[in-house]
Each structure stands twice: as structure tokens, then as C-alpha cells.
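Next, two complexes with subunit A in common: one pairs it with subunit B, the other with subunit C.
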Partner chain A sequence: RDLAAGPEMQFGFQTVTEEERREKIYQVFESVAKKYDVMNDSMTLGIHRVWKDILMHKMNPSPGTLLLDVAGGTGDIAFRFINYVSSVRERQLQRKLKHHQNLSWQEIFESYQKDKFNSLGDSQVVVCDINREMLKVGKQKAQHLGYSEGLSWVLGNAEELPFDNDKFDVYTIAFGIRNVTRIDLALQEAYRVLKPGGRFLCLEFSHVSNPLLSRLYDLYSFQVIPVLGEVIAGDWKSYQYLVESIRQFPPQEELKAMIEDAGFFKVDYENLSFGIVAIHSGFKL
Partner chain B sequence: GRARPSHSEPRGRDGRGGKKKEEEKGWHQLYPGHIPTSPLQKALLAAGSAVMALYDPYRHDMVAVLGETTGCLALPNLRDKMKNHPEGYHILQERPRIRLSTLDVARLQGLPDGSLGREYVRFLEDNKVSPDTRMPPKFVDDEELAYVIQRYREVHDLMHTLLGMPTNMLGEVVVKWFEAVQTGLPMCVLGAAFGPVRLSTRKLQVLATELVPWAIRSGVNASCVLNVYYEQRWEQPVESLREELGIFPPP
Partner chain C sequence: VRCQHYPPLRALQASAALRRASDEHKKEPLTSSSQQHFDSPPAGHQPEQEPQGPRPSYTGQGGQESEDYESEEQLQHRILTAALEFVPEHGWTAEAIAEGAKTLGLSVAAAGMFHSDGSELILHFMSECNTKLSELLEKEQKLVQLGEAEKKPIDEFLRHAVEARLRMLIPYIEKWPQALSVLLLPRNIPSSLNLLTSMIDDIWHYAGDQSTDFNWYTRRAVLTGIYNTTELVMMQDSSPDFEDTWRFLENRVADAMAMSNTASQVQSTGEAVVQGLMGAAVTVSN
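For the complex of A and B:
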């Protein structure tokens, strides 16, 4: 290969240059965007929803939180965040109402107009994705589901985020970091844009240590998932890439080390579904 | 900057990933577009594509996949029929492709009415179809058989012309019955059997009483339609070709 083209790396099981990898991955997500959600449900039999719910519960955001959801494409994490802080906020307001002797007339007035007055408590989520098609699908979904407040969409690269330092309370990347070509840069960027005290959360496919389960998981991944891709989305190759890229991604401990290398403290991980998926967490101090 | 995480080695950690998969999969590609598949994958594809094709009739790609994954007996059969016939053998050797870029549409339009070329182009225009929309094969694990199924797909529009059937649901079902008898491809049989599900009762009646019996009789009587080098017979009148092949005149 031409040396000037750059170092070689993996795109699934193929060996490619960095530039080629970025391009191929862009094309994969361009191709899958419209059927992304359907395929997620089919491949995981809906379990991906539970994983994302667990991530949100782990985050436990309070109203007023500023979240950056990177590789947030079709908005799954962002919508959950909005739902979560809305319900926390609602409970806050209800608690206040119960002790109404502590409320001013202004506050009582406000509580009757919940929809218009700060139902998110100033919480905000910025969805950042490198792929236009995925963002497009996300925006359409938001419109369809009625999400508008506290939500913004930004086209950007996880390796080089278009945000200032020390901006966000929480940074999430769900099923996205696997597709980043320079994971170390993405982690550094995550560190940079988080406020001191901010939290890094990563939800990603990981390594199954149980040998029997691992074999079943491999069998399912390689035999069933590309078939699902072909039948549902007419796209075998993107889903072949998906299962291969999962195998190429660092396992739990290695990812933990990488996160620590970026400067995060109290780095920890939690396995979900026997390690099929893991949530890694770290803090910027 | 920092050292890059080393991803240059396919991971063998879980034992089943990495090099083994690379050997099994990508690099037995027999022709451009070929995706090698295991027997289990083929079975799953066959089942999945059958269901999806019924559920969403606009998924022509699913019909194609069904044909490829179930054709393991019929395709070699067809190939042998071609091999043992002088014209068919010729086709296997030269591997002609029917594509808009290779067809001289202007010349075909200039041919007399009733000739194969003129009627074929008329069929394409009337029904607003093109031979270029045929799916290339992906899941056939033999390069010659991949050509055979490709040829079958490209010749499909000529079947419509010879049988005088339009591309609506009814016409397609009739052609499928004919092709089912001619080729024995399970996909044709399934298409012929399940296609009518979406037709109105009136059409079903016509189908059952006139069209299907005619299609079957013609299919049985006719010699193998893949053994005709259509590209060398554009001038031949359709009726004469029908007679030569043994296709009875349409009702």
C-alpha cells in the first residue's frame, strides 16, 4: 500500500487506511440511517432499549444538567434524557405544591402552566453526530414524537468537537465510540469539553467472557445478523461490518485503561447482558 | 501525540473472531458482488426473504435472494440443459448480457412490427421497465450458475414479450407459472403459488380458468427458453419464435 496514504487499520476484518476507514464508516451509516431503529430492535429483540434506559438511570440527571450526546444520531439517548429530567422536574414541582405554604402566588400560577414554564428546569441536550443522514433521521423523529425544547442538533466529529472547553456536565457516547477511527482523540475531546466534575459515560458492545455464551453470541452475530440486515434493510455488508467491528473493539479492561489515559478519574465499568454490552464511566476532576 | 491503539491485528480473543472469519468469509469471493454464505445463513435467508417478499411485494430484491438461496438443484439442472444444447452452449461460452447500454434501441425500434426486437422494445416502453434493474446475484456459490441465474433474470422481460403478458400482478403471476414449469426454480413455484393471493376474485377466475392452464401447457410443451440466443434473433417474428419454441398462442 502507498505509504503516503497513512497507517493501516481495521474496518471490520478488512485492513484499510485511516481515511478509507472514515469514509467507509460514513457510508455505512448513510446507508443504514433510515432503518437504524428497526434494525436495532430486530437484532437485539428490543433489548437495546433496556440498555439505554439503564444508562439513563445510571446518569440520574437532575434538572439543569447540560448533556452532550456524541454520535447521538437518531436521538435515543437525547429523548430519554428529556423524558427523565421532565419527570424529575414534575416530581419537584409536585412536591413543592404539596407544601404550598412555601409557594409564592407566582409559583402556584406557574405550576398550573407546567408546559410553558420550564418543564425541563433548564436542562439541555446537544446531539452531535458526524453523519448528516443520521441527524436527519433524528430530527424527523424528534418532530414526530414532539420533542423540541432543550434539544439541539450539531454536525460534528467526535475526534474534533466544535465546542469550547469545560462546557458540559455530562458526555455520553452510546454505540458510537466503536466507529470512531481515533478513539484516543475522542476521549481527549470528551475530557476537554466536560466541566470539572463532569461525567463521561460510554455505552458500547464489549466482550463476553463466558465461553459457552460467547460461542452462542458469535453464532448469532455472524449467522443471523447479516441475514437480518439483508432481509430488513437490503444491506448485508453494513451489518457484516457491524458484527466484525464489535469483535475488533477493545474489551472492558482495555477501554478502561484508555479512558484513564485521557485523564479521567474513578473510571469504572458495568457489564450488561453478560458483557455483550458495557457502560464505562469516568469523572473529570 | 499518543500512540494509537493497536487495531492492526484482528482480535483472536474470543477464539472465533479474527483470522478464521477472514478466511471463511470475504476471500472466497467468486465473482464481483458475491457474498459467500454458510448453509445456515442460506436457510435463514431463504426463510426471511420468502416472508419479506410476501409482506412487501415491492421488495424485488427479496424475490431475487429467494431465487438464489433455493436454486441449488434447479440451477445446475438448467446449466446442464444449456450445456447440452448447441445454442445454449454458445450462450454459456459467450455470456451475453442484456443491458440498455448494449442494446441498439434505435435499431430495434426500426424493425418491423411483430418482430422480436420491435415488440421487446415496445414492451419496455409500454410498461416503463428496463433490463438494467435486474439484481446481480450475490448468494450463488458458483460463478457459472451465477451467470445462469443472471441470464434467467435478464431474459424475463423477453418472456413477457413472448407470452404477451404485461407487468401488472396478473401478468407477472402468469409468467411465473410458465417459468416455474420451465426452470423448476423454487422461487418461481412459490411466486406462482402465492402471487395470486393479492388478486381480486374476478382476476383469479380468469387466471385459473384460462391463463394458468395455457401457461402450464406452453411451459411443458416448449423447449428450454434459456437455450435461445435472443440477441441474434431480433429480426425474427415473435409468432415464428413462439412456434419454434412450442409456446401456444396467448388466449
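For the complex of A and C:
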């Protein structure tokens, strides 16, 4: 399963060349883009929302944070980020107002006005994805849900990001790194674009160590998910790929070592749902 | 997949924040003893040094060890120290830590290295205060030894030490109640208790062995009680320069001194009573 050894690599359980793999993955996501969110909900019984919420809590971004969400496709992480910083910002403003108790009404009104146009506190999120279809769905969702401020959409490859060095405070990649063909390159790019002190966060399917749960999980994955894929999205093969790629992905400790290799410090991981999913975190120090 | 080598540019960035920290260190005067200082390398010293960290990479030129680089812990210390400046405004929170990180040129995301309830910040502050107290008491002890100052009687010494330590809270007094409640979290109790007892031990150490009838545990317990109650009084004190608090402190220390006398009186009285009873018992049995 050595991804860098020669041109042969894994696409799920198939062996393909690097280029074939990139193409196949592009096609997978092109085909599932419109039903991506629906499928997420039905496969994980809605739990993926909780996982993403936990990721946001772990990040605990303060207003003014610049976030790069790679493989962010349909915008789940980006929207959560915007919600989080605007509520933190609101609390901040309320606290400031409480301190202004000796000011006149006029002054209070003016200070409120100034901050009114800064409801995100200068926070920004850039959603970067390699797949046009996913970005399209994301942009439509944003419009539909009313997200506009502090949000940008960029087409780009995680292995070669179109950004300068030392730009971002936080880099996230949620359920995306599994689909990157050269993970080491993606990690190096993450390191490059982060500011010193910046944080790398990766939310990804991982390995369940408990043997009983592992059996149940395998059963569910291989018997139920592709069927759901066929019924809901009309696409058995893409979801077969999904399930296989999860099995092929390095387990928690191995991914931790890879992140350390890229130069990150204080690398750690947190298992969610008994290891079905794990959040890896590292800092550029 | 492991990379076989790093291009030199990456090596530079690999320890950008840590090395930069070491550069800043060269400019700062040596202050707090809690920082570890390393010899400043000559100016032409180079970037291909081995960065401190878990990676098994190349050794630097001349095989020098990574002592010139600060460790993650030292960087964390520096961030926490920088964060203290923002505590009066933001409280003992991750926000204060984020602001502190910003002043060091780091991203606000660096605050993610710490708990979001500010525990580490508070513990760091306590430990810094304890260090400052020790240094102060050490200095004064030297003066006494050199004959340049009078040795204080025990009650005055205790009052002086506790007051000095509590005065360090004054810049943060508004947010200190919040800190106290965070220190009571089960997770933090071992560390906070540890810091408290080592501070009390320190004070007794510099107070020297005075002739009282207290045994070691009682001494610790009594002074801890004095310190904690005075701290709580201070939280509620609005008198100018906390004079009510210092008066409270004076009274508590006086109580403790009196108690020690009473205790020894009680002890001798108790012994006398026991002897009397024994005598009566012997008489009765005959």
C-alpha cells in the first residue's frame, strides 16, 4: 500500500497508476457532487454533522482567523466556521458594550455602528477544492443559506496549493485527505501555507481497534453503504470506492507520523465514535 | 510515505517560529529565572541546524545538538507570559492566550495548544509568582546574612511574605475570582495544590526554624489557612491599597502565634490533668 513506490497505487482495492487514480477520483466526485450531502446524512445517520461540529469546537477560532478549508467542496466546514466566529464576535461586542456604561447614548450608538459592519471580526474562510462540480454545489448552497461575507471559493489541488507561504491561521481538510494521491505533498503544502503558530486539522475516517465493533462496522460498510449509494445516488461504484478507500487509508499512528514528517509539532489525534473517525492536529512552530 | 530529504528552504521554515524565538531571546535581557537561556550562537550560524522535535532528521553542521533551539515547552512558556498582559481585558481565557501569541508574531491559532478554559495560563502565572517570591525572600535572606538588615521576628516575616505574594495578584485582581474557580476543577486540583504547598514550604524555609511547638504539618496547615483566607478577603476588599486585607492578615498571624502558645499551655495542662487522674485512680483502687 506504499503510495509513492513507483507508478502503481490503490484506487480502493484496485491497483492503478498515479494519473489514473487522480482521474478516477475526480470522476467519483463529479458524479456524486449533487447528492453528496444527502448521502453523507444517510450513510452516517446524520452523525457526520456532529463530527464536524466537534472539529469546529476543537478549533475554537477567534474572530480575525483566516481559515483554509481544503477539499472543502460543499462547504460544511466553512459554514460552521462562519457561524462559530460570528457568535463569538457577538459575545465580544456584548461584553464591550457592558463596559461602556458611563458613555452617553450617542457614543454607545456610534460604537455599535462601527462594529456592525464587522460581524465576523475580519475572519475569513477560503474553500479550496480540486473538483469543479463540488465547488459549484458549495456555491449554490451558500447562496441558498445566505452566506456571503468572509467566504471565497478557489479551484486548487491540495498537492500544489495556489497560495503564498505563511498565509493562513488554520488549515482544515475534512474527509478529503483520503482522496489525495500524494498525501505527503499535501501535508507539505499545508505546512507551507500556514503562518508560524498556525494549526493543521484533519478530520478523516480511521481505524477501529475494537474487534467486535470493527466487524459490525465492516458489515455495515460493505453491505449497506454501496446499496444506499445505488438507491439514493444511483451510483454503486463510487460508494464502493469510498468504503474501500477508508480501509486503505493509514491508521491513526501512521498518519500522525506522516504529519510529524512534514514538520508539524505537538501532533495529536482524537478518536471519535470509537475510531471510525479521527481528528489529527498539529502546529507549525 | 516518508520524504527522503528536505529542500533547504523547508528546513528554514521548519523551525521558523522556534528559531525566531531564539533570535528574540538574544535581544532580551536575562530576566526571569524560569526561562532557559542558551549561549547565543555567532551571527553566521546556520539554518541547517537540527530542529528540536520528534523527527529523526539530519544532524546540523558539526553535529551540534539542538540546544540553541528552544523546545515546544519553552515556546509555550513565552506565549503564556505574553498572554498575561491581556488578562485584565479578556480574563483567563483562550482569547488572552491568542492575543499573547499574536504579540510574539505567531498565529492566533497557536492558542489551540492550550485548554480553552485558560487553566495553563493560570497555573503558569501562579508558578511565576512563586518563583518571584522565592527570589525576593532569597535576596532578603542574603541581606540578613551580610548583616545589612535585621532578622524579622517570625510573625512579621510571615506577614511580609504573604503580603508580598498576594500583592502580585493586584494587577489581575478583577479576574482572579474566575481563576480561583478554574483552579477548583478536578483536572487542575493536583497542580494547583502542588503549587500552593510548595509556596508555603518555601515561606517556612526562609522563615527558618523558629522555636514554636508547631510540628511540621501544623505549620503548613496553619499558614495555608492564613494564606487562603486572606486571599478570599482580598477579593472582596475595596479599601485603599487593600489596607483592610493587610489588617486581616495581621490578626490571623497574631491568632496563629497565640494559638501556638495556647497549644503548649494546653499540652502541659493536659499532662498535669492526666497525672492527676492517674493519681486519683491509683488512690481509688487502693
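Keep this in mind: the second predicted complex is superposed on the first by the 265 of 285 C-alpha atoms of A that agree within 3 Å, B and C clash if a C-alpha of one lies under 4 Å from a C-alpha of the other, contacts with A are read in each partner's own complex, and residues count from 1 in each chain.
Keep in mind that, in the parts below, contacts are C-beta pairs under 8 Å (C-beta built on N, C-alpha and C of every residue); 3 or more make two chains touch, one makes a residue touch a chain.
Keep in mind it's a predicted model, so treat the numbers as computed, not measured.
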item	value
Partner chain in contact with A:Arg192 - subunit B first, subunit C second, else both or neither	second
Touched partner set for A:Asp184, first subunit B, second subunit C, both or neither	both
Touching partner for A:Ile232 - first (subunit B), second (subunit C), both, neither	first
Subunit B versus subunit C as contact partner of A:Glu270, first or second or both or neither	neither
Partner chain(s) touched by A:Glu244 [first = subunit B, second = subunit C, both, neither]	first
Partner chain in contact with A:Met258 - subunit B first, subunit C second, else both or neither	both
First (subunit B), second (subunit C), both or neither touched by A:Glu90	neither
First, second, both or neither for A:Lys284, with subunit B first and subunit C second	second
Subunit B versus subunit C as contact partner of A:Asn165, first or second or both or neither	second
Subunit C-contacting residues of subunit A that also contact subunit B	182-184, 258, 261
In the complex with subunit B, residue positions of subunit A that touch it	7-10, 13-15, 182-184, 207-208, 211, 214-215, 218, 222-224, 226-228, 230-232, 234, 236-237, 240, 244, 247-248, 250-251, 258, 261
Contact footprint of subunit C on subunit A as seen in their complex	2-4, 58-62, 64-65, 165-166, 169-170, 182-184, 188, 191-192, 194-199, 258, 260-261, 263, 265-267, 281, 283-285
In the complex with subunit A, residue positions of subunit C that touch it	1-3, 6, 10, 13-18, 20, 53-55, 72, 75, 94-95, 98, 101, 104-113, 116
Complex interface listing, subunit B residues touching subunit A	2, 4-5, 7-8, 10-11, 13-18, 21-22, 25-26, 35, 38, 40-41, 44-45, 48-49, 51-52, 59, 61-62, 65, 138
